[in-house]
Structures are given as structure tokens and as C-alpha cells.
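Each of the next two complexes has subunit A plus one other chain: subunit B in the first, subunit C in the second.
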Partner chain A sequence: MTYEIVVLTNMAIAVLFALSLNVITGFCGQVSLGHAAFLGIGAYTSAMLSKAGVPMVITFIPAMGTAALIGLIVGVASLRVRHDFLAITTMGVVFLFTGIVRKQELLGGEIGIAGIPAPDFGRIGLLVTSLLCVLAYLLFTIWIRRSWTGFAFDSISEDEDTATLLGINVPKFKLFAFIVGTSGAGLAGALYAHQVRFIGPDSFGFVESISVLAMVIVGGIGSIWGVILSAAFLSALPQFFQVIDDYKLLVYGLLLFGAMRFAPDGIDGLLRKVSRWRAVK
Partner chain B sequence: MLFVDLCIQGVIQGAIYALIALGLTLVYGLLRILHVAHAALFTLGGYIGVLVTNGSGSFLLALMTAMLVVGVVGMSSYTIIYKPLLNRTPLIALIASIGIFIASEELFRIFFGAYGLSYVSPPLQVQIEILPGISLSQARVLVVILAVGLLSGVGWLAINTRMGIAARATVVDPQIAASSGVNVEIIRYGSFFIGSAFAGAAGVMVSLLNNLVEPTMGSVPSYKALAIIVLGGLGSVRGALIASLALGIIESFGTIYVGHLLDRDSIAFAFLIMVLMVRPQGLLARG
Partner chain C sequence: MLQIRDLCSGYRDITVLRDINLEIEEGETLALVGSNGAGKTTLLMSISGHISPNSGKIILNGTDLASKGPDKRCFLGVGLVPEGRRVFPDLTVFENLVVGGYSRPNKMQAENITRVMDVFPRLSDRQKQLAGSLSGGEQQMLAFGRAMMSNPSLMLVDELSLGLMPSVVDECYEALGKLVKKGIAVILVDQNSDAAMGFCSNSLILETGHQHWYGKSSSAPKVSI
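Let's turn to the complex of A and B:
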């Protein structure tokens, strides 16, 4: 039973993490190749506080807060750059994060932080907490999607200049997307730290940033349900196929390539195609 | 003395970056795509260099083979990865490219083993005194000579041949170039060949300097080469070359003076972010 609970908790955390990037990249159209840095900021904040004796659930608030604060700073910086320049700048953020963490004795340096206390309410409790967090964040993003903010995000992601002409305050909405997205990643990081109970700089690198971007794109950029499906599927893939463990990255890489080559609109696009085909029939 | 040493180290590193970044910036100029899989070609070059040198005993033959084979593989990467995705947003091609890059690291591991390969008897290890009191191995000198030679060769082609003029016209406006009779596809294949061959040469030289090739040797240079072409102003060849040299020198000084705060890789990106905040279009924007 323990094994299934661990797998399900990992899936829930991956879904939360992917949903948080979906706000920035999917809704608002700002590509981020460095989202794992915010997972890391949340995880480190939560882990340090938890080791100092603060109850786990309370550490969620500062974890989200610090991630959102750094997210706001990155957001302000990213207002100056667009498109591919933005992608590479955010990639720089994740390298800066791991680079700084590696050199800080306070944050455990290369070795990382071990012995993060287990939550009081056990593994099932952590799973339930994770699911509740996913649910809360999911409802929040659905609400954003349907509100006027979601409409503004759409217009920015379609065409920034036209959005400006229409009188939409583009910087304000971009910063809002960054704050919502990075605080979600911070929350996922706090959960992650208590799930694995050991964190190091290698857990939050460029590869993790790419994995989460892959979840969003394979799901279908901007589609909430597609992203949930693909995040659950891609995060569970290596755990259910232990046989292919040696070739895990090979399969993963080819899957990414295949998805882009043959179904560039992701799961969402495939589902739409199927429903249209059935309607025609 | 330390100052001169660091400068020389920086120039050598910068020469390697320049060889890798040229291909990326050519591809970006033509297709507006960040070609991450380029780094896999760099690694492939390293493997071919070690295997051919160990097999035949001739380093020159190895370098030639690596450039030729990697150039051809690079051309096929255009056919397989990018050509079908040209009408999509660049993000799709970027993710496809990253997928191929991740898969290729695994392929190298499966074919050649996880621990890497070394030269049986590394060639070009004789020390030459280039300045009074400073000597370098022949291999290090060759890196710089090779980079300067190859890059100025391409520069000459771009300015003085019909092909070069056609290539530059295609970068500025593919449609107008095509309607003026330029075969855009040939330009693209040619650019992929040259850019990939240079990355292959860089791979061989790095494998010689470290006397080691391993499956993951491409990852760090690939991220940094992306940073370099962004720093130079995307698509600007001259900007990419200046940025390569600047980054090589900044890294070699940075590791000494701020190495206790940041590791080598994050110095490059800290520099990148600082420059982009002042000049969001890169050092030399495309005119």
C-alpha cells in the first residue's frame, strides 16, 4: 500500500507543479525554461523551517511567499525581454539558483538538506494534503481562466502589441501570472520536500524545468485537463515501467520528440480531433 | 602572470564556444529555432575523434572524419526534426529538439558505455613556449588556430561567393531570396553542414584537451552556447563570436574571483542576465 501512496503523492505534486507553469506559459504565453528554480525555492524554505520545528502546513505560507517574491523579481526582469530571449533568461534563472545553492553552506551546499521531519499525520495524510492543495489550486486556475483576467491573459499570449492597443495593462497581468505561477511551484516544492525528505541542488535543475514544460506542452498548452492528464501520466511513467528504467531517458526523449512531431497540440488537440471526428460521423 | 594565464585560458575556452555557437546562430538566423540538439553533434564529434585516433593513429584523419560525419548527421537533423515543424510555433521545435538531445545522451551511453572513452596515447601534448615563461600544449594552440582558421574561412565565403551572398539574403528575407532565384533549401542544408561540422571539430578538440569523452559532455556547452547566441543578439554571427570570447574570459576570471559565491556555469548566466537587462536585444542586434 505504501508504494501506491508514494506514487500517487508524486503524481499529485507533479500535477500541481505543471498546473502552476500552465498559468505562466499556457494562459499568459510566457515561456519559462526555469520553473524548477521556484520548486526549489519552495522546497528549501519549507525544509529549513520544518527542521527548525515549524509545523509542515504552516511552512506552506512562507514557501509560497518566497517563491512568489523571487518570481516577482524574475517577472519584473522578464518584462524587458520577449520570446526566445525570455526563454533563455528563465533558463539562466535555474542555473543561477542551483549555482548559488551549491556554494551556500547554510543551504547544505552540494550535499543538500537531509532529515526533513516527516509530517505528523503520516503518508496518507500527506497524500490527502497534496490532493487538497491540487484541488484548491485547480479551482483557482479555473476561476482565473473564466474571469476577465483569463481573457486578458489570452489576448497577451495571442498578440502582446494588440493587447496593449486594446488598453490592457500588459505588465500588470504578466506579473500577476508570474506571482500565481511561482507561488504554486513554491507550494509544490514544500510538498515535495516533505515527500522525499531529502533535497539537494540536483533535484531542481534544468532537466526538471524541461520535464515540467514537457508536461504542459504534451498536455496541450493552456488546457487545464490536458495538462493534468499529461502530468499524471509522465510523472508515473518511470515508476510503472521499472523494466525500462535503464532506457528511461531514451524513451522520454523520443516520446517528447514524437509528441511534438505527430501531435503538436498535445493531448488536448488529440481529444478535440477525436470528438470532431465523432461529430462528423 | 596570473592575469596573462587567465586571459589565455579565456581565449582558448572562447575559441571552443565560438566553434559551437556558430552553428546555433546560423540555424537561428535561417529558421528562428533554438537548436538544442546541436550539442549532441558536439558529443558525437568527440566520440568519433577518440575512436578514429585510437583506431588509425592519425589525429588529423580523426578530425577530418569527425567534421564530415557530424556535418552529414547535422543535415539529416534538419530533415528529421525541423523541416516538418517549420509552420509551427518555434516552441514546438524547441521541445522536439530537447527531446532528441535527451535521447541522444542515452544512445551514447548505450553504445559507448557510461564511463567515457580516452585516447590511448593523446597526440599533440608537446609544450610550446608562446610567450617568455608561458608554455602551452600543442593541442591548446591548435584549438585557437583551428577556430580562427575555420571561422575566417566561413566569413570569407559569406562575403566573397555567390553562395555566401545567397545565404545572407536568405537570413534577411527567405521569401524575397527565394523569388530572386535562391534555392533556400540548399542554403539551409549547407548551413546545417557547416555549423554541425564546426561543432564536431569543437567536440574533437575538447575530447583531446580533457582526454575524455562521456555521454553528458554536451550538456553544459549546449546551454552555454544558447546563452552566447542570445547574448550576441540572436542570429548575429559577429555578435555570437564576440560573446563567445567575452564569456570565455569572464568565466576564467570569474572562477578565480567570485568562485566562492557562484559556480562556473552560473557565472555565465549571471553575466547573460545582466547584459540582457541593459540591452534586451543582445550585444549586437541584427540589422
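Let's turn to the complex of A and C:
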């Protein structure tokens, strides 16, 4: 039973992490190749506070806040770049993060932080907390999608220049997307730190950034339900098939290639096609 | 309503427009005429706030627009129909209209959409259709409608007839006429200068960034572009 709980918690954390990237890349169209850095910022903040005796749930707030603050700084720095330049800039963030963490003894350096306290309410409690966090974040993203902000994100994602011509405050919405997305990643990081109870710089590198991007692309960029399905599936798969974990990069790379080549709208697009096909029949 | 005084504007170090002066009142129409590179779009972009003028004043309803960004100018009543229509092809007609109403409160959305549908009834049947699947004329109407969503008192129309069939151009002018009747002032740029000057009460002729002539369209000199 414990194993299933661990797998489900991992799935919930992955879903939250992927949903947070979906706000930046899916909703607002800003490609980010450095999202794992914000997972790391949340994880390190939460882990250090937790070790200092702060209750786990309370550490969620500073974890989200720190990630959002750094996200805001990265967002401001990224306002002048777009497309591939933005991707390269955000990629730099993840290298910067791991580079800094490796050299800071305070953050455990290369070794990382071990002995993160277990949640008071046990593994089931952590699973329930993770699911509640996913639910809260999910409801928030659905609200964004349906609100005026969602329309503004759509317009920016489609054609940033035209959105500006219509008087939409593009920088404001981009920064909002960065804050919402990175705070979500920070929350996922806080949960992750208490799930694994040991974190190191390698857990938040470029590979993790690409992995979460693969989850978003395979699910369907911008699709909430597609991303949930994809993140849950892709995070659970290696737990059941060890061989996939050994060749994780290869599998994710193939999935990314396959999705971009054959199903650019991801699982969401495929499901829509199937439902249209069935309606026609 | 709109006064422009000694406006000089351009892109970074390059000055495109020099000493532009004009005035337009509610419900008036002004054709901007000139050859390619004369500065017509630069003038529209300066009014809408997408280019910061080097010097001079742009005053709308008594408010100096100098320190106002495009979003604030939109809120103050400047609507823009950009060159090439630039609708969002993967959004529906309804969603395009909603995006156009950014500067207005949500509660005005339904009222504004009804107003757009009254002027462009053809769009009402296509609300759920993707904008990219509309014909060129319908996209131009959608671009007008999208600009109307912000309740503008001044509408800037860039290259109205670009890439449209003559019959569709007539429809667009007819639609523009309806907006003028509602009291919206229009500054119009069109490659067909005769049509633009025929439609607008006033004209401003630009020549390499200079104001060559400004006055009633009926007394404008013959322009060869």
C-alpha cells in the first residue's frame, strides 16, 4: 500500500508541476526551458525552513513566494526576448540555479540537503495534501482560462504584436503568467522535498525542465485536462517499468519528437479528433 | 476632439514625421494620403501610442497623451484597425471581439457585442467560427468590430482596402460610414487615395514625412501616388 501511495503522490506532484508550466507556456505562449529551477527554489526553501522547525504546510507559502519572486525577476528580464531567445534565456536560469546551489554550503552544495523532516501526518497525509494542492491550483487555472485574463493570454500566445496594437498590456500579463506558473512550481517543489526527503542540485536540472515540457507538449499545449493526463501517465510509467526509468531521456525525447511531428496538439488534440470522427460516423 | 501640434516622430534615431499639425472633431473623417514611406502608418502608430514622438503634442479630449501607453490610450478612446486586419486566426469571432474589449469593464461586454452585431450582422452568425476561416471582407469587419469593442471616440484605420475585392471594399466603406454616423471620428489610410478622399471630409497629404497639404477633401490638389 505504501508503494501505491508514493506513486500517487509523485503523480500529483508531477501534475501540479506540469500545470504550472502550462500557465506560462500553454496559456501565455512563453516557452520556458528552465522550469525545474523554480521547482528547486520551492524545494530548497521548504526543506530549509522545515529543517529549522517550521511546519511543512506553513513552508508552502515562502516556497511559493520565493519561486514567484525569482520568477518575476526572470519574467522582467525576459520581457524583451521572444521565441527561441526566450527559450535560451530560460534555459540559462536552470543552469544558473544548479550552478549557484552547487557552490553554496548553506544549501548543501553538491551533496544536497538530507534528513528533511517527514510530514507530521504521514504518507497518506502528504498524498491528501498534494491532491488538495493540485485541486486548488487546477481550479485557479480553470478560473484563469475562463476569465478575461485567459482571453488576454490567448491573444498574446497567438500574436503578441497584435495584442499590443489592441491596447493589451502585454508585459503585465506575461509577468502575471510567470508569477502564477513559478509559484505553482514552487509549491510542487515544497511537496517534492517532503516526499523524497532528500534534495540535491541534480534533481532540478535541465533534464527535469525538458521532462516537464514533454508532459505539457504530449498532453497538448494549453490544454488543462490533456496536461493532467499526460503528467500523471508519464510520471507513473517509470515507476512500473524500470526499463523506462533507465532510458527516461530516450523515451521523453521520442515522445517529444512524436508529438511535434504527428500530434502537435497532443493527447487533447487526438481526443478531439476521435470525438469529431465518431460524431461524423 | 483630437489635436496634434508640431508632431515629430519616428523610430529611434530616425525621424519619419516632421511638424505635423491637425485637428479632428467628433464624427469627422480624415484621410491620410501619401506614397509609401510618407509616414502614414507612423502617424497612426504615434497617435495610438505604439511609437513615442520625438516632440510635439497629441491631445485627445483635453488630455495630453504624451505619457500614456497604448493601453491607456485605448481606454481614453483610441481604437485601431491595423494594416492587414490581423485578427487572431485560431480564436473564434466571439473571442476576438472579447479581446478587443480589454479596456472596458466586463459588464459592458454583452452590450458592446450587440452593438457590433447591429453594425455587422454578418458576424452574428459566425460568432463560434474561427476568425482564420472568415473571408477577407469578413475579417476586415471583424477587425472593425474588435476596435469598436473598446467604445472608441476616434478610430484609426490602416489600409482599409488592402487585399480585398472591390465589392468587399464598398461594403467596408459602408460599414465605416455607419460608425461615423454613430459619432466616431475616423482617421483613414487607404492605398486607394481617391476612395479615401472621397469618403473623408478632410484630407492630409504627406510627402516624405512632411505635411504637404491639409484641408477639405473637396479642395485638395490632385494627388498622384
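The working rule: the second predicted complex is superposed on the first by the 272 of 281 C-alpha atoms of A that agree within 3 Å, B and C clash if a C-alpha of one lies under 4 Å from a C-alpha of the other, contacts with A are read in each partner's own complex, and residues count from 1 in each chain.
Please note the rule applied: a residue touches a chain if its C-beta (ideal position, glycine included) is under 8 Å from a C-beta of that chain, and two chains touch if they have at least 3 such contacts.
Just so you know, these numbers come straight off a predicted model, no measurement behind them.
Contacts of A:114 after superposition on the shared chain: neither subunit B nor subunit C is touched. Of the two partner chains, subunit B is the only one that A:31 touches; subunit C does not reach it.
In the overlay built on the shared chain, the residue A:164 is in contact with subunit C alone; subunit B does not reach it.
In the superposition on chain A, A:155 makes contact with subunit C only, while subunit B stays out of contact range. Residue contacts after overlaying the shared chain place A:58 against neither subunit B nor subunit C. Within the superposed three-chain model, A:210 lies in touch with subunit B and out of touch with subunit C [touch as defined at top]. For subunit A, the partner touching the most residues, choosing from subunit B and subunit C, is B.
Once chain A of one complex is fitted onto chain A of the other, the partner contacts of A:103 are limited to subunit B, with no touch recorded for subunit C. Of the two partner chains, neither subunit B nor subunit C is touched by A:139. The residues of subunit B lying in touch with subunit A in their complex are 28, 32, 34, 81, 84-85, 88, 90-96, 98-107, 110, 223, 226-227, 230, 234, 260-263, 265-270, 272-273, 276-277, 280-282. Interface residues of subunit C, counted against subunit A in their complex, comprise 48, 50, 69-71, 73-75, 78, 80, 82, 86, 88-91, 95, 98-100, 102-103, 106, 146-147, 150.
Contact residues on subunit A toward subunit B in their complex (touch as defined above): 31, 77, 80-85, 87-89, 91-93, 95-96, 98-100, 102-103, 206-207, 210, 213-214, 217, 221, 247, 249-250, 252-261, 264.
Put simply, subunit A touches subunit C in their complex at residues 148, 151-152, 154-155, 158-159, 161-169.
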